[in-house]
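Labels A, B, C and D are assigned to the chains in the order they are written; within every chain, residues are numbered from 1.
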Amino acid sequence: MAIPVTIRVQTEDFDVSTELKQLSANDKTVGALVSFVGLVRDINEGQSIQAMTLEHYPGMTEKALHEIVQAAQQRWPLQGVTIIHRIGDLLPSDQIVLVITASRHRHAAFESADFLMDFLKSKAPFWKKENTPEGSRWVDARESDEVALARWNNAHAL
Amino acid sequence: MAIPVTIRVQTEDFDVSTELKQLSANDKTVGALVSFVGLVRDINEGQSIQAMTLEHYPGMTEKALHEIVQAAQQRWPLQGVTIIHRIGDLLPSDQIVLVITASRHRHAAFESADFLMDFLKSKAPFWKKENTPEGSRWVDARESDEVALARWNNAHAL
Amino acid sequence: MLVRYFASLREQLGCDSEQINSSATTVEQLISELSQRGELWQQLLADNSRLQIAVNQAIARRNSPLQPEDEVAFFPPVTGG
Amino acid sequence: MLVRYFASLREQLGCDSEQINSSATTVEQLISELSQRGELWQQLLADNSRLQIAVNQAIARRNSPLQPEDEVAFFPPVTGG
């Protein structure tokens, strides 16, 4: 069954309440909405962050996100998914990413949102560059993100 | 360290974006916000639901929710928690409950929100009464909620 | 002693809350006293799988001690969230 | 063949994207051709632990086959979210 799937890559900010309402507006069987919002932190690995620039690979990004959503749909009975990722220049406390999952029951919503974030972090072509007082630097990928991804492999592979 | 904890029991609706912003407004080290919103479904156990009434035990509710938040703080490095639960009359698609956790990293935020909901479902004194075409009925507690709670016991007891 | 009833139990017993003079020193003794009101009371308060108890707004058990000024509550399993 | 570079790799190589005439039939062959441009290219494209590859906007490997009209991309590990 086709469920509402929203995938957007944009420079503009997003409003979580608006996106939540859209996911449940036409389906009164939705009982649980789990959302994840990632924010720019003002400190990372001991360095203070003044600003951040997000680059992505247009075309591939959307494709990768759609694949990740499909993988989640195969594992959980979802009733809707929203993924919004911002690009361009961002400041501390700015919203970077939003993932929402809608389901009848809460555990499917929690697990699938967690899964989507793990896969997004390791599979979607976004790159962060931080501005610090000592200049700008590309953020290094974290090994913990690969570990997080591996959690999901004991059941199914993507 | 004292973190911002908001616990409210109210008849009025809530706005998720507003609550998210409040949790991160004064702390630019917050990197992850996970929120859970529970909605009234228009069908439950095969019966169509026209409306719902939520009763609680004033005084004990707030006490129970504070205890649940303290238990979560002992297990995860949280930077803020918000729990809002509505009471009174609600209609399908209405928001019932909001749980938000703020943390530096996403897994702490995901796990603690999941934990808070499991404990709220089994330990906070709220009761739902549904109006169906055949009359009104009190919702039965689900055994799956006890099973969900037991997941957390292998590490620590509340 | 203030005794409160919630949700289905409140409706079935037709009682929201009451001030009673009780010499009960445990919840079990209070339940015995209340059960003398009739079969409905006896039956509902005997249902171990459904009856939840709080003393002074904290979860309690049948063998929890009681003081004369305590607030005792009886209710079915919770279903919020 | 359209070859694209992203993030730190784009900056280090000083190249965003380029149309090249290549007879490479695998990614490995294309990397060999590009590596002849100098030590920097050779070094960055040899870094197995960091170099990520996409062919036609899907994750690929060094032994993935190539067609003349393919879009190939090179980039470092992703860091979004």
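Basically, a residue touches a chain if its C-beta (ideal position, glycine included) is under 8 Å from a C-beta of that chain, and two chains touch if they have at least 3 such contacts.
Quantities reported herein were computed from a predicted structural model and do not represent experimental measurements.
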item: Chains touching both chain A and chain D; value: none
item: Longest centre-to-centre distance from chain A, chain (CA-based); value: C
item: Centre-to-centre distance between chain D and chain C (centres being mean Cα positions), rounded to whole Å; value: 72
item: Centre-of-Cα separation between chain B and chain A, whole angstrom; value: 22
item: Interchain centroid distance [CA atoms averaged], chain B/chain D, Å; value: 48
item: Residue numbers of chain A (touch at least two other chains); value: 38, 117
item: Multi-chain contact residues (two or more partners), chain C; value: none
item: Touching chain combinations (by label order); value: A-B, A-D, B-C
item: Touching residues (chain side chain A, partner chain D) in the complex; value: 38, 54-57, 59-60, 63, 85, 96-97, 117, 120-129, 138-142
item: Residues on chain B engaged by chain A in the complex (per definition of touch); value: 15-18, 20, 24-25, 28-43, 92-93, 104, 106-107, 109-110, 113-114, 117, 148
item: Interfacial residue positions of chain D with respect to chain A in the complex; value: 4, 6-8, 11, 54, 57-59, 73, 75-81
